[in-house]
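What follows is a set of structures for review.
First chain A sits with chain B, and in the next complex the same chain sits with chain C.
On to the complex of A and B.
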C-alpha cells in the first residue's frame, strides 16, 4: 500500500506501523519506549504524529506512530506545531519526573521548543516507565519483573519487591533501559541486580566471568544453543572459531 | 422446571399472572442500599411479624405460590427517593410512604394491608401543604418515565418467576422469532445510544460485530460503574438482574455470540450475588445454556469480578482484565467490536443499555424513538446527588432540561441555598453553571456545553462549593485511578493536581492558569486511552463557566465560596448571631468564644478555615472572609 509521510510517498506492507515505515524512509521520529526487538506499548507518547485518512481530509488525528498500523492513502505529518508541542510536553513532564536522567534532559534540549519547568519529583528516579525491561524479560521467558501499583506510584519491581527465582540475573533489563535506571553491581564472583546476588560462571578458556550460573541454566534448558556457548565467553568462542577457519585454510 | 419451548414459558407466565391477580394487595418495601441503611430490613421483618400476629397470610417476594395468601410483600430493588427511606409502596392504591419505621408496621398491616385504606397522615406533603395520596402525584416521580428502571423497585429481584410474571423474557421470545438482522435493525431504528457515556449507536455496534468474520463472538456487560456519586447500574443489577440477562441474550442472538460476561466490581457484593443467583436460575429454567427455550440457540453468561479500578471501565482495559491480564488499556486503533476479547469481535455495552433492549424488542423501535429527542431517543437514568433536596435515582426522557431535573424532580437546592453548578458525567464530564440550566439533557447538548452525559451521575452544588476545589477533587481522583501506563496521563494529571493545589493554597503564580489550560489540552490529545483523554474535562469546563473564580484564587488569593482553607477565615455576623452556642463546640481549633445568648466571636488567628461553624449555624450568621495571605 501507499502512504505519504511528510510529503514523501512511501510503500508499506499491511500490518506495519507508521514508525517502521518512517524509519525505513529515513524520516526521524523520536522514541523512548520503542525498541525494534520488542512489541510496542505506546507508553511514552513521544512518537506522536498527526494523521489524516487521505490527501483531501481536513481533520487530523494525533496517534502514537509506534502502534498505529498503516492504511492505504494515509497522510502523516511528523512535525506539525501541535505534534512538536505534545512531544515537548511529554519531555517536560518526564524531565520533572526524572530530574537526574541526562538522556531526558538532552532530548529536551534537542527539541528546542518552549519548555515548561514542572514541579520536580522529590523522590524522582530515572525510571520513565517505558516498559522496555518488562517486555525484554517477558521475551526472554522469565517474567521476573512487572509494573506494580497505579498512577504516579507505579514502578517496576519483582513480585512483592523481593528476591525471585524467576530472575536469572542476565542483566538484559539493565542493558535495554534507556536511562540507566536499573542498578547492576558487577564483580568477578557475582552480579547483583534487583537486590539479588547471582554467582558468575567463569570462561573455560580465559577464566573471565561471562554469565551468571542461573542464566547458563536457563539458556541450556532451552536446548537451542551449541555446547560451547555455556562454557566459553564470547571473545574465546570468537577466537576459537577464527582458529578453526585458519586450520581449514591451511 | 426447565422451559423447553416458547409455549411452556407462556403457560408458566399465565399461571403466575393468575396467582398474582388472586392477591388483593401488594406492599413493596424498598431494599435498596440507602433504604436498608435506614432500616428497611427491620421494617420488612416487622411487617411479617405483625401480619402473622394479625392473622394475615403474606406471600413474600417471589413466593407467589402460597395460594392462601391475600397480600404479597416484595423486598424490591431501589425505588428511587433514596433521601427519604425506607420507602413503602402499597398497590393497587399506589399509596406511597416515606421514612417508615418498624414500629409503624402494626398500623401499616391493620390499615393498609388488611383494608384498602390510605394512611393519610403518612403521605408525603408538598411545601404548600398538599397531601399526595398516590405515588404518581409526588413530583419526584411525576416527571419521570422509567424504561431501564421499569422493573427496579417493582419486581422481586431474586425471583425468576416474578420477572416472568411481569412480562420478563417476552422480548427474548420475540427475538427468537426475528432474524438476527431484524433485531439489529430494530435496535438501530430505535436509535439506542450507549448509556455508559460514549453515546455510540448500539445498533451500529452490533451490526459491525455481526458482520465481522470470526468463529467466536462475545457479549460483555460493563457493570464497572466507578464514577463518584453514580449508582444507576448498581441499582439495576441489584434490583432487576434478569432484565440484564435478557438484554444480553438478545444481543447474543443478534450478533451470533455464545458466551457473555458481566463485568462487575468487587465492591458491589450484592449485585454479584444477585446476578449469580439469576444466572443459575436462568440455566435451570433453560433460559441460558444450550438450546435456549428449545430454539436451537446456545448462550451462557459468566460473571467476571473486577478489583474496583476505575480504568477497568474503559473497554480495552476491561477486556484485558477478563482475560486475566493487568487491567491496563491498549491503544484502540483497532475497534473492539472487530477485535476485542481474546481477539474476537466483542459487543460491550453498559448495564443500562442492556436494560433498555428488552423494552425495545418487546414494544418496537417506534415506541422507543417516540420518547426523548431525535438525536438521543429514549430515557436516561441519573443519580441525583449532592446539595439537592431530594437525592435519589431517577429516569427521565432525553431532552428534559437540567432545571426540570434539579428543581422539579430534585426539589431544588438543599436548604434553599442558591444554585451554583451541576456536575454531570463523572470524572470525565464537566461542571455546568446557572446559564446552562435550561440545556436539554441529551448526549449532544451536554458534549457541546463542555460536559458529557457520562454514565449518569449528576452532582448538584450550592454557593458554598469552590470550583477550584471541585476541579482538584476530580483530578486527584483521576491521578490515583490513572493506570500509569502513558506519560501524559500518569505525569500530566499529577502535575495538574499540583497546579490546582497551588491555586487552592494561594501559592499559584500569574500565568499558571494558562499553563494549566495548555497542559489540559496536551493531556487530552496525547493520552493513550479515554481516561486520560477526558481527564482534563472537569477542569476545562469549570474554567469555561467559572473563570473568574480561578483568577480570584491566583491573583487575589481569595476563595469566594469559603472552601479553600488557606485563603479563608470565618467571622460571625453580629446581626444574625443568636448566641445559640452551636458553633463553639463544633470548632476543632477552639477559636470561638461567647456567652450563651450573646453574640459569639471567632479568633481569626486561631481559625483554620475549616468551616465547621458555618455548617452547624442555623441562623446564617457565619461569613467566609479572605485570609489575605501576604504576596509571595
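On to the complex of A and C.
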C-alpha cells in the first residue's frame, strides 16, 4: 500500500506502523519507549504525528506513530505546529519528573524545552515509565515486574514490592533501561536487584561468577539447548574449544 | 553439507601466532581514534597457536536462544549477525555459544561477535600465512 509522510511517498506492508515506515524512509520521529524488538505500548507519546485519511481530507487526527497501523492513502505529517507543541509538553512533563535522566537531557538539547531548571526528583527516581523493562522481562518469559499504583504514585516493581520466584536476576531490565533507573549491586557472590538477592553461578573452569544461578536454571529449562551448555563462562568455553580443535586436527 | 555462502576457514596448522588477525579485527571494529575489541583471539593449548572466532554455525545456539530474534543469518555473507536495535541485552547468546565466541561489552551493553566484516573479513585479508582464508 501507499502512504505519504511529510510529502514523501512511501510503500508499506499491511500491519506496519507509521513509525516503522517513517524510519525505513529516514524520516526522523523522536521516541523514548520504542524498541524494535518489543511490542509498542504508546507510553511516552513523543512519537505523535498528525494523520489525515486521504490527500483531500481537512481534519487531522493526532496519533502515536509507534502504535498506528498504516492505511492505504494515509497522509502523515510528523512536524506540524500542533505535533511539535504536544511533543514539547510531553518532554517538559518528563523533564519535570526526572530532570537528571540523560535521555531526557539529550532530547531537551535536541528538541528544545521550557527554560525551567527542574529540581531533581524528590525520591531520586529516573523512571520515565517507558515500560521497556516490563516488556523485555515479558520477552524473556519471566513477567516478574509490572506497573503498580496509579497517577504520580505509579512505579515499576515486582508484585507487592517483594521477592518473587519469577525474577531470575538476569539484569536485562537494568540493561535496557534508557535512564539507568534500575539499581543493580554486584559482588562475586551475589547480585542484588529489585531488593532481591541472587546467588551467582561460578564457572566450572575458572570459578569466576558469570550469571545468576536462577538465570542458568532458566536458560537450561528452556529446553532449547542441552543443560550442560551453561556450566562454563565464555572465556573458558573458548579455551576448551581451542584444545578440542587441536586434538581433533592431530 | 557445503555452505551456500563463503566461509571463514581456519587452518590452524598454518598459524604462526603473530596475532595480526587480532589487530586487523580490532582496527576493523574500531574507529581511527580507538581500536575496537577484537572478535578473534589466538589461543595456545599445548603451545600450538590456534585462532578462535565465530564459526557461523548453520544451526546456531545463539540464534536458537535469543528471545527476540535479534540474531539472524545474513543472506549474502552467511554470517550470523546481530541487529543492535532489536537486542534487549539479556546476554543469553553469550551464555549459549558452546565455543564461547560471543563476548560481552559492558560499556555498550552489547554482545560482540564476528560478522565476517560484511563479506570482507579483515583477519583473513591480513593473515600472512593463509591460516585464515575466506572462500
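Convention: the second predicted complex is superposed on the first by the 214 of 250 C-alpha atoms of A that agree within 3 Å, B and C clash if a C-alpha of one lies under 4 Å from a C-alpha of the other, contacts with A are read in each partner's own complex, and residues count from 1 in each chain.
Everything that follows uses one rule, which is that contacts are C-beta pairs under 8 Å (C-beta built on N, C-alpha and C of every residue); 3 or more make two chains touch, one makes a residue touch a chain.
Quick caveat: nothing in here was measured; it's all calculated off a predicted structure.
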(request) Go through the superposed model and pick first if A:246 touches only chain B, second if only chain C, both, or neither. (result) second
(request) Quick one: classify A:175 as touching chain B (first), chain C (second), both or neither. (result) second
(request) State whether A:166 touches chain B only (first), chain C only (second), both chains, or neither. (result) neither
(request) Answer with first, second, both or neither: which of chain B and chain C does A:230 touch in the superposed model? (result) second
(message) Output check: A:86 vs chain B and chain C. Expected answer is one of first, second, both, neither. What do you get?
(response) first
(message) Just to be sure I read the superposition right, which of the two partners does A:43 touch: chain B = first, chain C = second, or both, or neither?
(response) first
(request) Please work out whether A:219 is in contact with chain B alone, chain C alone, both, or neither, and reply first, second, both or neither. (result) second
(request) For A:128, decide between first (touching chain B), second (touching chain C), both and neither. (result) first
(request) Share the list of chain A residues that count as touching for chain B in one structure and for chain C in the other. (result) none
(message) If we count contacts the way the header does, which residues on chain A are in touch with chain C in the complex?
(response) 35-38, 136, 139-141, 170-172, 175-176, 210-211, 215-216, 219, 222, 224-225, 229-230, 232-243, 245-246, 249
(request) Report the residues of chain C in contact with chain A in the complex, numbered from low to high. (result) 12-13, 41, 43-46, 48, 50, 52, 61, 64-65, 67-70, 83, 85-92, 94-104, 109
(message) Taking the touch rule as given, give the residues of chain A at its contact with chain B in the complex, in rising order.
(response) 41-46, 48, 62-64, 67-69, 82, 85-86, 89-90, 93-94, 96-97, 116, 118-119, 128-129, 131, 146-147, 149-154
(request) Could you please specify the touching residues of chain B with respect to chain A in the complex? (result) 309, 311, 326, 330-331, 333-334, 479-488, 490-495, 498, 515, 518-519, 522, 525-528
